[in-house]
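We call the chains A, B, C and D, going by the order they appear; numbering starts again at 1 in every chain.
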C-alpha cells in the first residue's frame, strides 16, 4: 500500500482498534464508527454517524461481521447497531471487506447490491492467525502444567497450520514433541522439522507416555477409549473448533484435565491479530488493482 | 544412585512432595514427615512421628529450611513444627541436607552437632532452577502482552543463568532478542547464541523500540530515567530478587506495566523443581562416597 | 511393514545399497542384483542371475530406473545390464516400484504387462529428500563463504519444500534469513517461521545486503540485471533443476561466485536417501494392502 | 570506538586483511605492512616501510605474532620479515597488541621496552572464535557422513566454549545430541539447552549408538578401549589442540574415520575471525581509556 487511502473501520473488538491505529500509523486517513470504547491512536477519527462513508476507498467490517441476531458485531459500542442500518449506508461501487461472512449477512449485502470480500477466507490470514493460536496453546500449557515444558513429552494431533506452529514452539521450548497425522506427507514434514511421528489412526497403545496432548483436528479424535490411556496428570488442550476433538464428558468422568480453547488470536494477542487483518486487506487491495 | 537408600523427607511444599515421590519411584525407601497434605505416590510412607529417623541414610530438609520465626518450613503440615523439635531428633553421624540455610538454622544445627549440606548453593541446582524461572517469564509475557512474542522486540538485562535461558526461549518463540550485559565475554556469548547486544551501562537512548524488557540483574538497573524512555505499552518483567532491579514507584507513576516475579520455580513447575532437588541430592551423595 | 516380505533390489547406486541393507535389518528377505560393488550388510544375498525374482513380493528398481540409452541404471555393476533383460524377467502379478519413470521405460514395462509404481512421485519422498538437499546447501555455504553463516545475511528464493528446510537450517545456524516468494500464503508461512520476507517479483533494489543467495525456484529468477545488484563476494547457490534459476553466463561475466548443485540427496547423504526410499516403499505397500 | 584512530596492521594472514579492511570501513586511518598479497579494501594504505609507524595510535601484530624461527608471521608477504626488524621500530609509548604471544617474542618486546597486549587471551575473542570452530565441525560432519545430520545421533565431549556452540548447531540441524562432561554444573547447562547428558568418566558402554562423536576436551579422552566401542561408520572429529583427545594410532588400526581439525577459525571463516579480532581490539582500547 504505497498510495494513501481513505479507510472506514466499522464495529469490532480490540483487533479492529489495533487495525485502525495501524492504518493511521501507515499514513492513511482512517475513520472509525461503533468503536467508541476503543483506545484510538492519534490520527484515527471517531465518526458519530456514517455520514461520508460512501467516500471511503475501503470499508472494513469486523470479524465476524455479525454479532447476536441481526446486529453488527460491535462490543466496543455502547449502543447496539444493526447490520441493516450499517450496510444500507454503503455503496455497490465501494471496496468492502469483512470477516467470516455468514448467509444472513451475505443475503443482506446482496439486497443492497454490495460485494463484501471475506478476509477471513484468505490463506495468509489463516496462517498469520495460527501464530497467536500456537502461543495461546503454549501459554495454557505453561499455566496448567506442574512440570516444565522443557523435557516434557508432548503430542500434537494434526499437522496443519496450527499443529505445525504449535509443535514448533513446544519443541523450541525443549519439549520432546511427537506429531500424529493421517497423511504420509504430513508425517514426512513433521519428521523434517525434527518431531517424532505417530499415525493418527493408530494412537491406541502409544498415549501413556505424554505429559501434554494438544489437539488441532476438528473431529472427535480423543475418544473415551484413548482418553483412558493417558497418564494421570496429563494435560489435554483442544484447539479444534466446535464440536471439538475431545470427548469432554468422558474426560470429566476420568478426571482428565482438559482445556478447550477457542478463538485464541483475538484473546491472547488482539494487536497482532489486528495487524494480520491489516496486512491481508493490503494484499486484497493490491490484487484488486 | 545405584544403591537403594533410606530417605526421610521432612516438611516443605509441593517440591518436596515431588521429590519424595520421585525418590520412591527410583526404588528407594522413602518416609515423609510434616507433609501431611501432599499427594503422595505409592511407596512413600507418611510418618506420624520422627521415630526411626536416625536410621535414615539421608535426611532432606525443605527449601528454605526455616519458615516463619523458628518454625520448620512446612506449609503442607496442618500443625506448626519447630526447627528445634525437628533437628533435635537427627544425629551427627547422618547425612543431612537442606536448602538455603540461614544463620539461625545453622546455629541450631551446630548446637546438636549436625552438619547440614545446603543443596541450594549447588551450581547445578541453580542452573536447573533457571529453566522454570525462564518458563515463568515466558508465561507472564504471554499473559500480559497484547502482541505475540513472535516478532516482538525483547530486551533481556543480564546474561547469567536466568538471562541466558530466558533470552533463548524468547528467541525460540520468534522474538527479536537483544541482551544487555556489562562484561565483554557475556556480550560475546549473547552474540554467539544469536542475540543482538547492548552495553548495560549505555542503555539510555536505546530503549524506545522494545515491547518487552526482562530484568535479571539484582541491582537497580531500570532507574526512573530509563523507565521514562520505554514506549507506552512496553511490559517490564523483573526476575531479580529483593530489592529488585526496577524503580517500581517510578514505574507506577509513569504507568509502566511492571511484573515483579519472585521464586518462580516452586510456583510454575513444582514437580520439575522437586526433581531438580533430587538430582542435586544424588550428586551430593555421589561426591560424598 | 509388520509382515516379513521377500524383496529384490535391482541395480542403482549407494542409495539402493543402503535400502537393501535396511530392509534386511528390518527382518525382510532381501536379494540384490546388479549391485556387485556395493558393501552389503549381513543378510543381504547377492544374486548372480534373476532366477527366482518372480517369487519376490516386491521388486525395487533404481532411481532413476533408466541409465544411459536403454540400460538399467546400475553404476555399481561392472557389466552393463539392459532395461529389457531386466524387465523381461518380472511378472505382471508382481508389485514393482521404481524411481522417476520415463516414457521409454514405461513403454517397455507395458510391453511386458508390468505395472511399475513410481516412488519418486510420492510427496513424502520429496519432503524427505528435501532434508539432505537443504543440508547439502548448508555444506556448500560453509565451504565457500569466508564469513560464518552465523550473522550472515541470507536470502532464500522460493518457499517450497527445499526452500523451507533450507531457510530453517540457515536460521538455526544464526543467519539472518529473508525469504522471497510469489504467493501471499507462502510469505505468511515464512514469516510464521521467523524469517523476513520479500516479494519475489520485487527483488530489484533489495539484493545488495546479502552474503548468500540460495535459489530453489526452477525458473530464471536471478537475471543478469539482478545478479549485477549483488554485493561483491556474495555467494549464489542454485538448487533448481535444469535449466536452473540463475543466468550462469552473466554470473561468470560479473565474477559472481555461483554453485549450481543438482541431485544433492544421493551425493551428500546416500544412506539417508536410501532409508527414505525404504520408508516410501513401505507406505506404498501399506496402501496397497 | 567513536573517535577516529590511526592503526597499523603488521603481517598476518587473511584474518589481518579482513581486520584492516574493517577498520578502514569503520572510518579509521589504516596502514598495512607485510600484507602485500592481501586484497585490500579502498582506504587501506599499503606501506612499503615502517616509516611513520611510531605515530600509530594502535599497532596490531598478527595471530600468532611469531612465524617460523624468529620471523614475523607474515604468509602474505613475499619476503621474510624478522620479529626483530619489526619490533625495533615500535615505541614504548605506543599501544601495541598481538595474538598468542610466546616467550621468545615477549623477551624481544621487553628488550625494546614495548608492552604487547595479547588479544588472544581475551575471553570475548575465545568465545567469538568458538563460532567458526563450531561451524567448521558442522562442515566436516556434513562432508564426511553418509547420513544426514538430521536425525543423526551425535555425542559432544566437553561443554566449554566450543562444545556448547557445536552441540547447539548440531541440535539445530536436527541431530539428537548428547553431551558428556565432567562437572555437574556443565551437565546441568547441557540439559538446560535440551541435550541428553553422559558422565565423561563413564562413557564405556554408552558409545555404540552414535553416528558422530565430536571431541573438544584437550586430554586423551577417546582411548583405544573406547574407540573400539564405536559402531562401524561412526565419524570422530577431534577439535582439541595438541596432543588431541583421540588415540589416532588405535583409531587407524580399528578403521575408525577420524578427522583432527585444528585452527578452524582462520581456515573456515577468515573474514569473521578478522572481525572478531577487530571487536576485541576495540574493547581493549575502550578499557585502556
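Methods note: a contact is a pair of C-beta atoms (placed from the backbone, for glycine too) under 8 Å apart; a residue touches a chain by one contact, two chains touch by 3 or more.
None of the values given here were measured: they were computed from a predicted structure.
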Steps in the shortest chain-to-chain touch route ending at chain D and beginning at chain A: 1
Shared chain contacts [chain C and chain D, defined touch]: A, B
Remotest chain, chain B as reference, centres from CA atoms: C
Where chain B and chain C are represented by their mean Cα positions, the distance between them in whole Å: 49
Chain centre separation in whole Å, for chain C relative to chain A (CA means): 37
Sites on chain A at which at least two other chains make contact: 131, 150-151, 174, 191-192
Chain C partner contacts - residues on chain D that touch it in the complex: 14, 18, 131-132, 135-136, 138-139, 142-143, 145-151, 169, 172-174, 268-272
Contact set on chain A toward chain D in their complex: 150-151, 174, 191-192, 194
Residues of chain C touching chain A in the complex: 122-125, 127-128, 130-131, 165, 168, 184-185, 187-189, 191-193, 283
